[in-house]
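Following this message is one structure expressed as structure tokens.
Chain lettering (A, B, C, D, E, F, G and H) follows the sequence in which the chains are written, and residue indices restart at 1 in each chain.
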Amino acid sequence: MTLHKDVMLDFARDARTGLDEAVMCASKSVPHLSAILEQVQEKGRRILLTRLLPEQLDGLSDSHRFAIDYEPLSRTGYFGGTHELKAKTQVAVVAAGTSDVAVAREAARTLRFYGEPAVEINDVGVAGLWRLLERLEEIRSARVVIAVAGMDAALPTVIGGLVSSTVIGVPTSVGYGVATGGETALRAMLASCSSGLVVTNIDNGFGAACAALRILRAR
Amino acid sequence: MTLHKDVMLDFARDARTGLDEAVMCASKSVPHLSAILEQVQEKGRRILLTRLLPEQLDGLSDSHRFAIDYEPLSRTGYFGGTHELKAKTQVAVVAAGTSDVAVAREAARTLRFYGEPAVEINDVGVAGLWRLLERLEEIRSARVVIAVAGMDAALPTVIGGLVSSTVIGVPTSVGYGVATGGETALRAMLASCSSGLVVTNIDNGFGAACAALRILRAR
Amino acid sequence: MTLHKDVMLDFARDARTGLDEAVMCASKSVPHLSAILEQVQEKGRRILLTRLLPEQLDGLSDSHRFAIDYEPLSRTGYFGGTHELKAKTQVAVVAAGTSDVAVAREAARTLRFYGEPAVEINDVGVAGLWRLLERLEEIRSARVVIAVAGMDAALPTVIGGLVSSTVIGVPTSVGYGVATGGETALRAMLASCSSGLVVTNIDNGFGAACAALRILRAR
Amino acid sequence: MTLHKDVMLDFARDARTGLDEAVMCASKSVPHLSAILEQVQEKGRRILLTRLLPEQLDGLSDSHRFAIDYEPLSRTGYFGGTHELKAKTQVAVVAAGTSDVAVAREAARTLRFYGEPAVEINDVGVAGLWRLLERLEEIRSARVVIAVAGMDAALPTVIGGLVSSTVIGVPTSVGYGVATGGETALRAMLASCSSGLVVTNIDNGFGAACAALRILRAR
Amino acid sequence: MTLHKDVMLDFARDARTGLDEAVMCASKSVPHLSAILEQVQEKGRRILLTRLLPEQLDGLSDSHRFAIDYEPLSRTGYFGGTHELKAKTQVAVVAAGTSDVAVAREAARTLRFYGEPAVEINDVGVAGLWRLLERLEEIRSARVVIAVAGMDAALPTVIGGLVSSTVIGVPTSVGYGVATGGETALRAMLASCSSGLVVTNIDNGFGAACAALRILRAR
Amino acid sequence: MTLHKDVMLDFARDARTGLDEAVMCASKSVPHLSAILEQVQEKGRRILLTRLLPEQLDGLSDSHRFAIDYEPLSRTGYFGGTHELKAKTQVAVVAAGTSDVAVAREAARTLRFYGEPAVEINDVGVAGLWRLLERLEEIRSARVVIAVAGMDAALPTVIGGLVSSTVIGVPTSVGYGVATGGETALRAMLASCSSGLVVTNIDNGFGAACAALRILRAR
Amino acid sequence: MTLHKDVMLDFARDARTGLDEAVMCASKSVPHLSAILEQVQEKGRRILLTRLLPEQLDGLSDSHRFAIDYEPLSRTGYFGGTHELKAKTQVAVVAAGTSDVAVAREAARTLRFYGEPAVEINDVGVAGLWRLLERLEEIRSARVVIAVAGMDAALPTVIGGLVSSTVIGVPTSVGYGVATGGETALRAMLASCSSGLVVTNIDNGFGAACAALRILRAR
Amino acid sequence: MTLHKDVMLDFARDARTGLDEAVMCASKSVPHLSAILEQVQEKGRRILLTRLLPEQLDGLSDSHRFAIDYEPLSRTGYFGGTHELKAKTQVAVVAAGTSDVAVAREAARTLRFYGEPAVEINDVGVAGLWRLLERLEEIRSARVVIAVAGMDAALPTVIGGLVSSTVIGVPTSVGYGVATGGETALRAMLASCSSGLVVTNIDNGFGAACAALRILRAR
């Protein structure tokens, strides 16, 4: 079965999606995280840490902790540096409310890690339509728009009707009552009457950024 | 216990909400409907028939059938005439898509039965924002706005942020997949980030009209 | 694009719904809240703080904390004073059980902030029907009734059949088992057989008050 | 293992709950139903047929069809006669709306089959409270009250607060939107704030009658 | 309107269900509970406290705390004594697993408060059928059986097929995965193929006891 | 990349699960089914047809239709014969109610197609416990028990506690109200307190038979 | 307010998403559809008709019917021709099972209407992994992959791990039991552990194609 | 009724499923656990402790605590030793992600307790297909495969198509958004297009091991 193994390696090389330098920390123990960082360091690689809780960060050794470029709102960390920043900004990350900014920031930080600059536009929920319209030109100039919204999640629908570029909706778990957990926002985005809107899991700013990277990296 | 009975009658008089001249036909048999119409006719009253299916209408006697002013899209009928039409239009009934018009029409027909004229504005879903903005002045001039929408149901949220009058959201069961049955539209409206939006049951154009009547009739 | 900007400002002026002097505090950090209060203070404005947790209040600077008129049951605070109180009481806020009073109080406090006095009637759940009937005259005299109830949420239905004025149902998250989270109360209100009942999100006393304000302020 | 078999027979005798002379027809084929009736006839027994659709009835042989005492609203049939009717009426079957009567009738017909007379009280939904209060004395005089209601299902809660006897709530699948299928009615009854209310499956008039029979037959 | 008031008092007297000497403590503050106890003491009444958490108990004044006969598993307390114990045991409270005993005990304690003795039978889940069958005679001798079970909740169905007396199913929130929160247990009981089984809300041992009391107290 | 292709063929040979001679007909058009049968015939193979509706069967050519060994209750057909029947019966297919027999029969027919004889035991739901206990020895003698049940689905739990062999639960969509669609039966089985019970999708008699075949065929 | 109107027209021009030449026919009446076609014809435009049922097609006038290039599996029609076909194939539309092909075809037909050629790859569900791997090179060569799957919907996850291009998952409503309606497929795709997968509403082949068009048309 | 009792004992002997030496600790109090251990010790038996939280372990007496062979990841403990280990490894426990290992380990530890060795294969989720294919031979050599996966839970489907042995899917509660609680993973496994896959409750590694034991122990 040595044949098999070779094929596997071959797969591994081919299959590289280019998005595998990230680890989601939320459900991992501190020793587990330390081991991962150790391994990354040894191999001279870099890694994006998502959902890294402050208490996890505090539990790490000083040398690891200080080596992490941590952003508390998005709970993301860079370890071993980031990819070189590209010159051209092709992504707009738009957040409906102030409570959606954490998820939007996770998207922006993920893009930054992989070298894609992104413009962040916050507090443009459709209940205050004029604030959105004021920023429309900026949004239109992006090749990919990541629209982050909780509650009724009408933002991506409205943007989808105003721009011809790709719109990725990211529902957030912000809110109470029927909005709890983000299920309503998710379903409203999926049911959107704007043609060609695509959607990620709730609070998945990282995933939206990866989707944008897949789009931008295409040959 | 004669005392009790008197109190009851007293209640009945007081409690009259003024919205009791309507009957929902959907789950009633044709003989049952005939009996109701007979009774209304005998007492010289009038009645609003909602969710009256064409096959139910066809099953009625000729004299009943011809006496009903039937509107097929909304499936509403007037029997015994309507209340006198008021001069001033105070309600706007706004529908997001062409599929939402049947529910919007039920609201408008209910209002008309009770004497309230309403302006109907259709096909102004937020995926085509400019169509909504073109009609904004008309919408703003109403004292009560009934906003009917299915799918993502973003219309009432956007309107709620643009007008200071009462906005009643009516979710519709239009759509497929996650939109099926109107649950997503309902929850998106309830989760709305527009302050003071109120909501009715799915497809309940009649209920929204009754709410508008309660508001307009207040001393 | 200067044209655009002007239009936007124009929108902003027109669009003012008159309900924008409120901020929901629950998911905001203390520094974020401090910054908001600072800004309000600088502009000489006032603001209604909803869902302000005691621990958030404690985290504020003394000068901010003492400047807030805080009511712990409803978790609401007034900062910078309130609108002038109107003479005539036009709203009744009715709560089914003692556990519903927190939400009812949020409605009453919101109304008070915007200058509308409201009568509060508590502990009149329909399992003890006579207690409700004793207060019926008071409820009937209101132009808008906000009916707050959890569990089976039958209160707004019963009131809706006894009064001709506007009834806004507010479901609460009170209860256990099938009542957990308020979904049952919400759905029971939406399914109500009282014509013209309208409903808000679960625990949304603030929203119900805003809806009442939209009704009362209409020309 | 012959011992086992004897024990089984013993069980069968003891375990007889006295409610086993009924068959639910809905999902059975006409030949299957014919075979059951044949068997009942041969043994000289009687049987209660529930959810017997008109098209099933029409498919039976003339001799079977004419031998069935069929009631179309409840879709129940008696085959081989009924138990002797008791003198004293101890059950009240109360229905909120006209659409709930079919389920209420199933309960009443089941009780009648087993010899228990029941008073039927219809159209006393709580949105028209005075109609309920007019019939209160009759309801109070029953040892068991079966309260049948769809939509918001507030009827059993209100009755539960007004009587000290047993109240069995039967939710119905009447209604549209959030009321569709009866889930809302079911949950509202289970969440009821009236102490000691018990509930059956949706549309289960037969089950409520059986519960009443268990109560009334107790030594 | 003095007439009204008299009628109300009259209602209050008549309507007494005999189950109103209980208060659910879970969501109440300690000062609120103290005030209730004070009032009960002043009037020389007694009260059943349900869902009284240890931390709530600890927060009460010494005189109140020592006057409460507290049972920690069921979290119930008697204040001001109990009703006189009847001689005859007519209720069996049966629990499927050891984790269901807390809810079963709440039922037994409620019955005891109102003077009804009950036999408690634990750990007779149907996965170990023989343990249930060993206790069958005891269960059969009861006029009312309260069957408490979580997870698959098959216990009431099996008992319902073996006894002719009243069976009240109480689903519990015991379990993980699909059993979380008790919804599965509740629905399995409602869908039971045992005729005449009635059901309460999840974890509602108190409600089941009240239902038993309604049955046993009937004239 | 010819290497790849070879590996694929290799996979295909190895991966054969031995369960691939079946086709689910429900959502396929008659021409599509005809084409499949044609292909099977040409290759001299046999195939198991599941969920083959009578109207689909009627639409086939005479030569195809007559070549199918069709069983209407289970809606299964054999085309091109079956595998040779083994001598030893190692599977018991047990159905709770008469409405569950169609699904049980699909399991038995699938087993028969693949050469495994199965004993079918029907109408042994746990509401009539003694009927189940009478058949216990037969059930115990099987190496795999497929337990088919709808509604409360307690049957597999009770069997799982009485036998040491493998028990595969198959929930059915039988029932109304909360039982509609089989979701309650499914969840009750998954939540079962009998250790080591495994479960398939709702109404999936075919899948349960395939699981039994995987178990029985193991080396 | 003439200013407003101009701005609106301006919006319309700018906002053109380039995807507005499509109409969903499912819930529209034949006269309504006729009117739309008439209008399109008059303006010398073309239109894509989606979810056009055969019975709707049959109801149209001969001249309309014959002018529609109809594909029955996808229920799509071209009226007034299509956009010019591009030379380069940049999209792969991949379907897991034969029942998913209708939705996949809707995507391919939408792409074709707008001039984008697409390769269709069917019957490559992950339960037969080798069939997928055989087609891997073709899939990898596409810039956008539309992966259509029902039931467990594992296809997009597996593809997402094997290619670096954009993967759009389209869940289908294929299946029974827990798969009914496509909700499980939708949620499985959203929960995917493949980074950067994006998802559309259930059965929304049209939407996925529009998303691909947004991506491909970007400057 | 002494006869009864004898039968019961007889049942108990026969019914022994051989899986009853386990206790789930999660919802039990420390005194309760101590009492169980005491009893086991007195009888000279052994017991498997599942879901034993560290804080529960810490609460036990030293003699009990030190006598428990505790594994923290799976939260399992052996008390009184284990069954003798068999020579032949017949089970593979396969986990998709690192977060699924805790549940997989519970399965492996349960198997070990009952004397069955198992190979553990981790981190072979289908988003990195080649890692799974590298371990395929090992997986194929097992008679029973326990496949543990959360999120999209595609692992058991892919394995089910590659091996002919028994595959038991165990969904885990790993993940966020739509993956929260494991419901999506559960449903995706039940909807699997791999024939003959069987499934347990969410996170039920113990149950999967018991199912494997039932299979392996069959005569």
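A few remarks follow.
One rule holds for everything that comes next: a residue touches a chain if its C-beta (ideal position, glycine included) is under 8 Å from a C-beta of that chain, and two chains touch if they have at least 3 such contacts.
Computed from a predicted model, the values in this text were never measured in an experiment.
Between subunit E and subunit G, the least number of touch steps comes to 2.
Between the two copies, subunit A and subunit F, the C-alpha superposition involves a rotation of 180 degrees in steps of 5. Note: the chain lying farthest from subunit D is A, by mean C-alpha position.
Note: centroid distance subunit B to subunit F, computed from Cα atoms, is 50 Å. Annotation: 44 Å between the Cα-based centres of subunit D and subunit H. With touch defined as above, residues shared between interfaces to two or more other chains in subunit G number as follows: 4, 7, 11, 15, 128-129, 160-162, 177-179, 183, 186, 190-192, 194-195, 201.
Residue ranges of subunit D in contact with subunit F, taken from their complex: 1, 4-5, 7-9, 11-12, 15, 26-28, 32, 171, 173, 181-183, 186, 201-204. Subunit D contributes residues 11, 14-20, 22, 140, 143-144, 160-168, 186, 190-192, 194-202, 206-215, 217-219 to its touches with subunit E in the complex.
Those residues of subunit G whose C-beta lies close enough to touch subunit H in the complex are 96-97, 125-129, 151-154, 157-158, 160-162, 175, 177-179, 183-185, 187-195.
Interface residues of subunit B, counted against subunit G in their complex, comprise 98-99, 128-131, 133-134, 136-137, 174, 176-180.
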